[in-house]
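Next up: the structures, one after another.
Two complexes follow with chain A in common, the first pairing it with chain B and the second with chain C.
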Partner chain A sequence: MLQSLLSPDFFNAILRATTPILFAALASSVASKSGITNMALEGIMLFSALFGVIFSAMTGNFAAGLLLTMAAGGAIGLLLAFFVLNLKTDEILAAIAINLMATGGTVLLMLAVSGDRGSSTSIANVSAPKVVIPLIDQIPFVGQILSGQNLMTYLSILAVVVMHLFLYKTPLGLKIRAVGENKNAAESVGISSRKIQYIALMISGVLASMGGFFLSGGYMNMFTKDMSAGKGYIALAASAMGGDTPIGGFLVSLLFGAAQALANMMQLTDIPHELIQMVPYLTTLVGLGVYSYAGLKKRQKLAGK
Partner chain B sequence: MKRKVLAMLLASAMVLSMTACGGKDNTNADTQTPAAEDSTEAPDADAAEDSTEPAASGSGETYRAALLLNGNLGDKSFYDSANEGLTRLQEELGKDVFDFKVEQMGGTTADEPKWEPTLLDYCDSGEYDVIIMGTWQMADPLAKAADQYPDQKFMFFDEQFMFEENGNPTNIYNILYKQNEVSYLIGAAAAMMTTDETIANIDPATKKIGFLGGMDNAVINDFLKGYEQGAKDIDPEIEVQVSWVGDFVNSTTGKDLALAQYQNGVDVGFNVAGNAGLGQIEAAADMNLYAFGVDSDQASLLPDYAKNIPTSALKNVGNSLYRAIKLDLEGKLAYGTTEVLGFAEGGVEIVKDAHYEEMLPENIRTKLDELEQKIIDGEIVVETAIER
Partner chain C sequence: MTCLEKNIVLQMNHIMKIYSNGVVANEDVSIELEKGEIHALLGENGAGKSTLMKVLFGIESPDEGQILLNGQETSIRSPQDAISKGIGMVHQHFMLVPSLTVAENIILGVEPRKKGVFIDMEKAVSAAEEIAQKYNFDIDVRTKVEEIPVGIKQKVEILKALYRGADILILDEPTAVLTPQETDELFVQLEKLRDNGHTIIFISHKLDEIKKICNRATIMRSGRSMGTYEVKDISTEDMSRLMVGRDVVLTFEKEEAKPAGVILKVRDLSVRNAQGVLKVDNLSFDLQGGEILGIAGVEGNGQSELINSLTGLNKSYQGRIFVKETDIEKSSIKEIRDLSVAHIPEDRMTSGCAGNLNILENLFSNQYTDPEYSGKMLLKVKRIQARSVELIKEYLIKCRSFRQNVGMLSGGNIQKVIVAREFSTGPGLIIANQPTRGVDVGAAEFIRKRLLAFRDAGCAVLLVSADLNEVFSLSDRLAVMYKGKFSGVFTNVADVTEEELGQYMLGLKHQEEQEGVIYE
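Take a look at the complex of A and B:
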């Protein structure tokens, strides 16, 4: 057990489990910063997992498949924005509609494209490649973790940096945060909150779709029915726990990924699996507890107590 | 203007879907109250007109069956197998002796509300000698329908029907499968493989085999019991590593769990986790190791992964329905009871095709045939996790 925990395999498992949650957590943070809770992440990821398979098979190229999937994910984000901003639907209800549509819609679409219902095994998709970084892969132990990950894993970490710079160092990022903070105040200085929220939800959709693409084109190499399996919701929690910031979301996603990987490894021991399956959720609870306790302390300090 | 048109479209779509549901609900409500009186008359139910139990068999009328699937055809597993069995029977007997209809009710949570109304509609129509359905999700609707329509006959497969708790209805024939028997053979095969250095990429030094379960329920545990017993009978030193996904859809977690097993010295695994089990097959492919398939012939379904799937364990739903209806036509089917079908009755099997012969060396195959025969003869009694 201990030996397994100290092997590169374990750290690779952490990064694998973190990647889809991280993309979705970033997606959630940009939407939340603009003042909208994007609960449709789950559905967007599921749709994108299937789109990734279909588009990469159509183009025979993972990059083209990824770009088309990102476009489709962005389109679903815009659809959500249309429902919420133009038709004034409740954002949670619209998201639930998208999530439910994804469950049945992906099976319908898969059936139409391949004749399969359970998994997309008859579609010859192209997965994102693993990246071997020269020289670094020669370093013992660390090299086996830093190098040889799936391209999407590197992209997810790059996305953290990009999203941080975008939200905090660009005018558009400032506008997104301003709208999320106080819509009326932002409008009073001539910012169109609708336009900004449209943009934020589109970016959110694109990011979530990258996580979805990784599920079927890297993590697995096929689409299986309902394969998002709650990762979108876990990401919502990760983002909220990370204070809806990219860096915070990254750290919490990593924590969730580690908890999941640890739980997987612990199943090889004699500990009852019911207890082990609690580990990721227990981690969430403890994390939330620590987070809110720290928040409480901070507020008390500010209040001068 | 545009917005109005769209709003109209959406509204009409919603109204349509609501009436669609509403229609079903109404029939449901209608049938529920007058059903008790109706059922004594049982309008044109063939089953009721004949005084003898086996419905239309004696009178020369067509025996009609309705197969209600809480899912769809094309699953390349249970439902297709059921359809295949009925089709085979129809081809054999002719359409005027045996006819059947398949109703695909859909398998998602969104479809779930219509299962019971559909079942009650079929009961109410009285046109079918027998209504066939399966899986645990249909157990409650069936109990209700069997109570309301005591003259309607039902067949129920792949889940135990609780006769005692539901007032011992005599109009249900319940089919279960001895998954522990077929799993025993898989366990034996895995144990022989993991110590056989002639098979590519096997490390004979580690005597570990893997098992990936979906949810910790009675049926999956029955698989596990047989698997462990089969492995230990070959070599008591074999260690079975068991991991549970926690559901049947999370294929990525399934893959991670299986990878952890393979990295820990497991050479051969067995997936009993629905779609999540596909993760184990992918993990086997990544590691160039092996995983046995379940419920459908996964080697032929997944040609890209066939070289990692020696064979698959099957429940032959089609065979069991074929057998049941034939018995019913002869008036010999024991309604009101549960039958558990194993190798002897053709209820379970492992895929033995050219691929299987290519994957497994002859000594293993001979041993498996021998073990199968011993199970049929009762020389080997496979333990079960299900109280019967």
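Take a look at the complex of A and C:
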């Protein structure tokens, strides 16, 4: 067991498990920074997992499939924004509606497209390729981790950097943070908070859809019913625990990814698999508990000052 | 300043603003600003200063009147529009983003860029530093706003306006949140701004500050302008008279008070607000049954804190409060109410009623546990409905039925619902905070008469009001609150003139010895 924990395979498993959570955590952080909780991540990921398979198969090209999926994800983000900002729906209720629609809608769509209810095995899927980095792949141990990952995994790490620069170094990022923190202040200098929140939710939808794309075009090679399996919610927790910053979200996503990888590995042991499957969710619960407790202590300390 | 010829930068002529609830906030108000002056806009809360400034800053549009900017007629459609026309406003509640730095707050919305994509932070910092230096503001622009004290936050707000090219600066009660030292510092900077050719509108009701820094003052009262004066030519006494005079003298047929034993006893009460500022300062007084004690004063002198402590809304105070011999320090709000205390709160929408509930539900929100109206498990709906109908009739509440949501009623009718609820329990002590504010004349008259009727029936009434008419005509004893203390207490209300009262309200006068505060 210990030996397998130290093998490159295990670290690869961590990165693979981290990728979808990381995309969704970034999606959550940009929405949260603009002042809206995007709980529809789960539904957007599930929709995108199916769209990814369909669009890739239709175009016969993973890149075209990815771009179309991202567009669809952005559109769902805009739909959420329309409900919340124009129709003044409660953001949680609107998200639940989208998530429920995804659960039923994906099965219906799959049935229509492939004639199958459980998975999309009958569709010839084109997945994102693995990337072998020359030279680096020659390094023992480290090379096996740094090289040979799925393209989406590299994109997710690139997205951390891009989102960090976007939120903290660009005018639009500054506006998003200003709107999320003090809407009146932003409005008072002529920033349209509605426009900014629309943009933030669209970006959020695009990022979440990339996570969904990876589920069916990298992590697995097909779409299966309910395959997002709560990763959108775990990502919400990861983003919150990371202070809604891209880098914080990345670190917490790694932790949750490790928990997922550990659970996968423990399935080879004698421990009942029902218990093992609890590990990622239990980690989230414990993580949130620790995070909230630390926040409480911090507030108490500030109040006592 | 001796101007050979006046250089008028802004004129607001005959501004009229009536809000949709019928309140006339501005009635034929005119004001004229000269370039490079500090112009005081003086008046009590509710006198219409804020509305006039909202019109100028594009937040409200006037119903009548014109605005001339540098001699050109103009219309200001939004704050953004006002900013682009060189008008800046420093709001009383700061419009800053705490987690951003000073520089980021200053450039927010007008960010300098580099490579087309990124914020040019160096340029932002140097621009912010440059403007801070130009006006002698000693600020580290790289600090986060959440880490700087209130006085500096205000400077950031001023810099924000200057960075956007403001020639006319509106400061809404800028000294309300400042310490005396910070105030002095602010004044030095305002003078510097004035000498640089900026025009400043200084909203305040602190006469000493106006004397100190302003060139001219426009005084407002009940939505109207009482004229513009050279500050050096007008005495503080005259200013206070213009500011707090009565418009119409109300008279009520009032019987001699028949005091019937102390009901409310307050001893050495001190209250600090959330920021740690002492708002009620070692206050002691008694209130008997059968009398009305009026508390006058400019808002923010501790009245709200006093009332919140008396009614159990605020529990962190020093000193003791007794209602009918019971120390209420450990009592819940319900326990205090069970001592037959009724409370008409200051803000009817936030703490007076539940706008989304209907009239019946609001009327019974303080007595739904009364066995008269509640069985063991279920409410006695028939009885409650019958009583609601009675109360609606008795208190002349204009509505379609008791099923109508309270939030849909007019201000006066909402207040009547609250008054009906509070009075229907047969109170022994009524604590009424601004009971007739924003209420139409008829409803106000009705509420005042009710208060008098309760007093005649032996009820003790504590009346806090900014309306001088009201405190004059209702009170048996009258106290003026200034900076958390009673600056004056008058046992014979008829002997006090409104000028005198105004001087006590504004801290120009102070009684050394007070009689008739405590009955012992």
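The rule is short, and it goes like this: the second predicted complex is superposed on the first by the 266 of 305 C-alpha atoms of A that agree within 3 Å, B and C clash if a C-alpha of one lies under 4 Å from a C-alpha of the other, contacts with A are read in each partner's own complex, and residues count from 1 in each chain.
The rule is simple: contacts are C-beta pairs under 8 Å (C-beta built on N, C-alpha and C of every residue); 3 or more make two chains touch, one makes a residue touch a chain.
All values derive from a computational prediction rather than experimental measurement.
Under the clash rule set out above, the superposition-derived model of chain A with chain B and chain C shows the two partners fitting side by side. A simple residue count on chain A separates chain B from chain C, and the partner touching more is B.
Of the two partner chains placed around the shared chain by superposition, chain C is the only one that A:K175 touches, whereas chain B remains out of contact. With chain A as vertex, the superposed Cα centres of chain B and chain C define an angle of 120 degrees, given in steps of 10. Using the contact criterion defined above for the overlaid structures, shared-chain residue A:I191 touches chain C, although it does not reach chain B. With both structures placed on the common chain, the touch criterion links A:Q300 to neither chain B nor chain C. Contacts of A:N61 after superposition: neither chain B nor chain C is touched. Of the two partner chains, chain B is the only one that A:G104 touches; chain C does not reach it. Residue contacts after overlaying the shared chain place A:A13 against chain B, while chain C stays out of touching range. Least inter-chain distance for chain B and chain C in the combined superposition, rounded to the nearest angstrom, is 22, based on C-alpha atoms.
Residues common to the contacts of chain A with chain B and with chain C across the two structures: none.
Residues of chain A touching chain C in their complex: 165, 169-171, 174-175, 177-178, 181-182, 184-191.
Partner chain A is touched in their complex by these residues of chain B: 3, 6-7, 72, 74-77, 108-110, 216, 241-244, 246-247, 249-253, 255-257, 259-261, 263-264, 275-276, 278-279, 282, 301-302, 304-305. Considering their complex, residues 4, 7, 9, 13, 16-17, 20, 86-87, 100, 103-104, 107, 111, 115-119, 121, 215, 219-222, 224-227, 229-230, 260-261, 264-265, 267-268, 273-274, 277 of chain A touch chain B.
Partner chain A is touched in their complex by these residues of chain C: 79-80, 83, 91, 94-100, 104-105, 108-111, 113, 117-119, 121, 160, 164.
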